[in-house]
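Let me begin by presenting the structure, written as structure tokens, before commenting on it.
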């Protein structure tokens, strides 16, 4: 079956974490908080209904530009494929995982105590485009020149 | 900010669970498994990459028709708004919760042992449309007559 | 850049037109009408706001099942990639075009008079999943057995 | 039925055109070109497949920030509701239309000669969020302070 596409409008809940995989692929990862507001008939105003959190993964040129452009709390628009992951153990920045196109997630997960099993559920977005949301402010764009041919191949194509 | 819309193509991982809230609103809930397949260059074939699970909520006429039409394992197409929820305790079918437009989730969650805290993360879809996926088979449709005016008001409008 | 994904909830405005390309690929095409309704504060009720029309393309097993299942006027849920096309001439069912993964569109287009040039704009969806919308009625699903391996390869993979 | 949501990744094909309606609502409109690229197995590279054009409408604070931030040719990410419109006559910037939430479109339309009827088809996006695509470069964001309460009410809520 097909990838699940989605677009989330939210705010950066962490700074982007940037590194390179053992294979030399740039990765940037951050948490995105999306607070839904609904119209309240009684108060005739908008109220916060709930907040969802996502782990956003970016790759290659997009990763480098996200790391250079996104600060904590800034409003963002993220478009990509969604994945709900369950993992038994949490291993941060595990290189061979990251190379496989998804990496280890910054989990919001429901860890138990010391003795219990560690299982985590995260909602992750493998982003193909990210931008500052102009609903909240202005942005000055600067195109990045590409000395080498664009390598923004979709993750799936690379990893299989 | 805005609702996060998504469309998931998958299979019913449970039968729909159907009930009415104390306020008389019909609800049907089921789990949806979405297995993403990717093209494997080496084997020149499609391989299963991973499976995401969602809890799908439907309401009113849609809930009644889902309960009457959907069987375990059937391929489905679900369109609605996405919410990633974290809850401390799990209380199934809690009526006053369900009335508030979201209800208690069938969690995939990562519960710990007896003594630990119970925290769950679920990815939930508040569906506005559900259909059998014709990629996998045929379907015979029968329109439901509506004695009373269509009350398929979006959840948000009702619950606030 | 990336495909533009969308999901349209609407009604079949034509019966599906079904044929095979010269290469033996099954195709079904139909028009989809999507009428948006909005909440009218004054009348406290839902009113029709506008209708958009799309040409929906389906392929292979999905095409066969759409042709076998969808009747004029039935409510549908269509998920796929969107394309806004402008064409100079209209050539229906042109085989070599259809083989190339898009085919000749059933245009809503704005044709001029006899002497003028023929230019058409259509909004087309290359569907990966189609289903009857259970918001409007019930459906009985029957899985289609597959004697040969599933050949539901995305259009893009086939045509390039 | 429901609005059709979509996200388009493309480039500004015109500068944003900015004005205020008679009712004092800020509007910015521009054309967006979305070129889809596909992987070509033969050449083992990405090739341009086709380009779709959209008319993007923005309102209020988003309109002001789009007008202040977006230049011709810049890469953008646009999220909103899609509408395929057919109109008999083209009247630019007609104030009472614009107040009604959609305005007069910058048409790509297929106009005929002098004597023929004027009919236009346009694909329009009523945007709720717009951002520079960080896949192509960096952006410096500056939050806009809001002296008056946020009036970014969805168009539908205002116009009905």
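Per-chain numbering from 1; labels A, B, C and D assigned in written order.
One rule holds in what follows: a contact is a pair of C-beta atoms (placed from the backbone, for glycine too) under 8 Å apart; a residue touches a chain by one contact, two chains touch by 3 or more.
Listed by chain with UniProt protein names: A, B, C, D = Single-strand binding protein.
Predicted model, so just to flag it, every value in this text is computed and none were measured.
Chemist: Going only through chains that touch each other, how many steps at minimum separate chain B (Single-strand binding protein) from chain D (Single-strand binding protein)?
Modeler: The fewest steps needed to get from chain B (Single-strand binding protein) to chain D (Single-strand binding protein) is 1.
Chemist: Out of A-C and A-B, which chain pair has the most contact pairs?
Modeler: A-B
Chemist: Which is it for copies chain C (Single-strand binding protein) and chain D (Single-strand binding protein): same residues on both faces, with over half shared, or different residues?
Modeler: The interface is built from the same residue numbers on each side, given that over half of them are used by both copies.
Chemist: Per the centroid of Cα atoms for each chain, what is the distance between chain A (Single-strand binding protein) and chain B (Single-strand binding protein), given in Å?
Modeler: Between these chains, centre-to-centre, one finds 23 Å.
Chemist: So, what's the distance in Å between the C-alpha centres of chain C (Single-strand binding protein) and chain A (Single-strand binding protein)?
Modeler: The mean C-alpha positions of chain A (Single-strand binding protein) and chain C (Single-strand binding protein) differ by 32 Å.
Chemist: Any chance you could list the residues of chain D (Single-strand binding protein) touching two or more other chains?
Modeler: Touching at least two other chains: 2, 5, 7, 9, 39, 128-129.
Chemist: Report the residues of chain D (Single-strand binding protein) in contact with chain B (Single-strand binding protein) in the complex, numbered from low to high.
Modeler: Touch residues, chain D (Single-strand binding protein) against chain B (Single-strand binding protein): 2, 5, 128-129.
Chemist: Show me the residue ranges of chain A (Single-strand binding protein) that touch chain B (Single-strand binding protein) in the complex, using the header's touch definition.
Modeler: Counting only chain A (Single-strand binding protein), the residues touching chain B (Single-strand binding protein) are 1-10, 34-42, 47, 49-50, 52-54, 81-86, 108-113, 115-117, 119-123, 156, 159-160.
Chemist: Please output the residues of chain C (Single-strand binding protein) touching chain B (Single-strand binding protein) within their complex, sorted ascending.
Modeler: These residues of chain C (Single-strand binding protein) touch chain B (Single-strand binding protein): 5, 7, 9, 39, 46, 58, 61-62, 65-66, 68-71, 74-77, 79, 128-144, 150, 152-153, 157.
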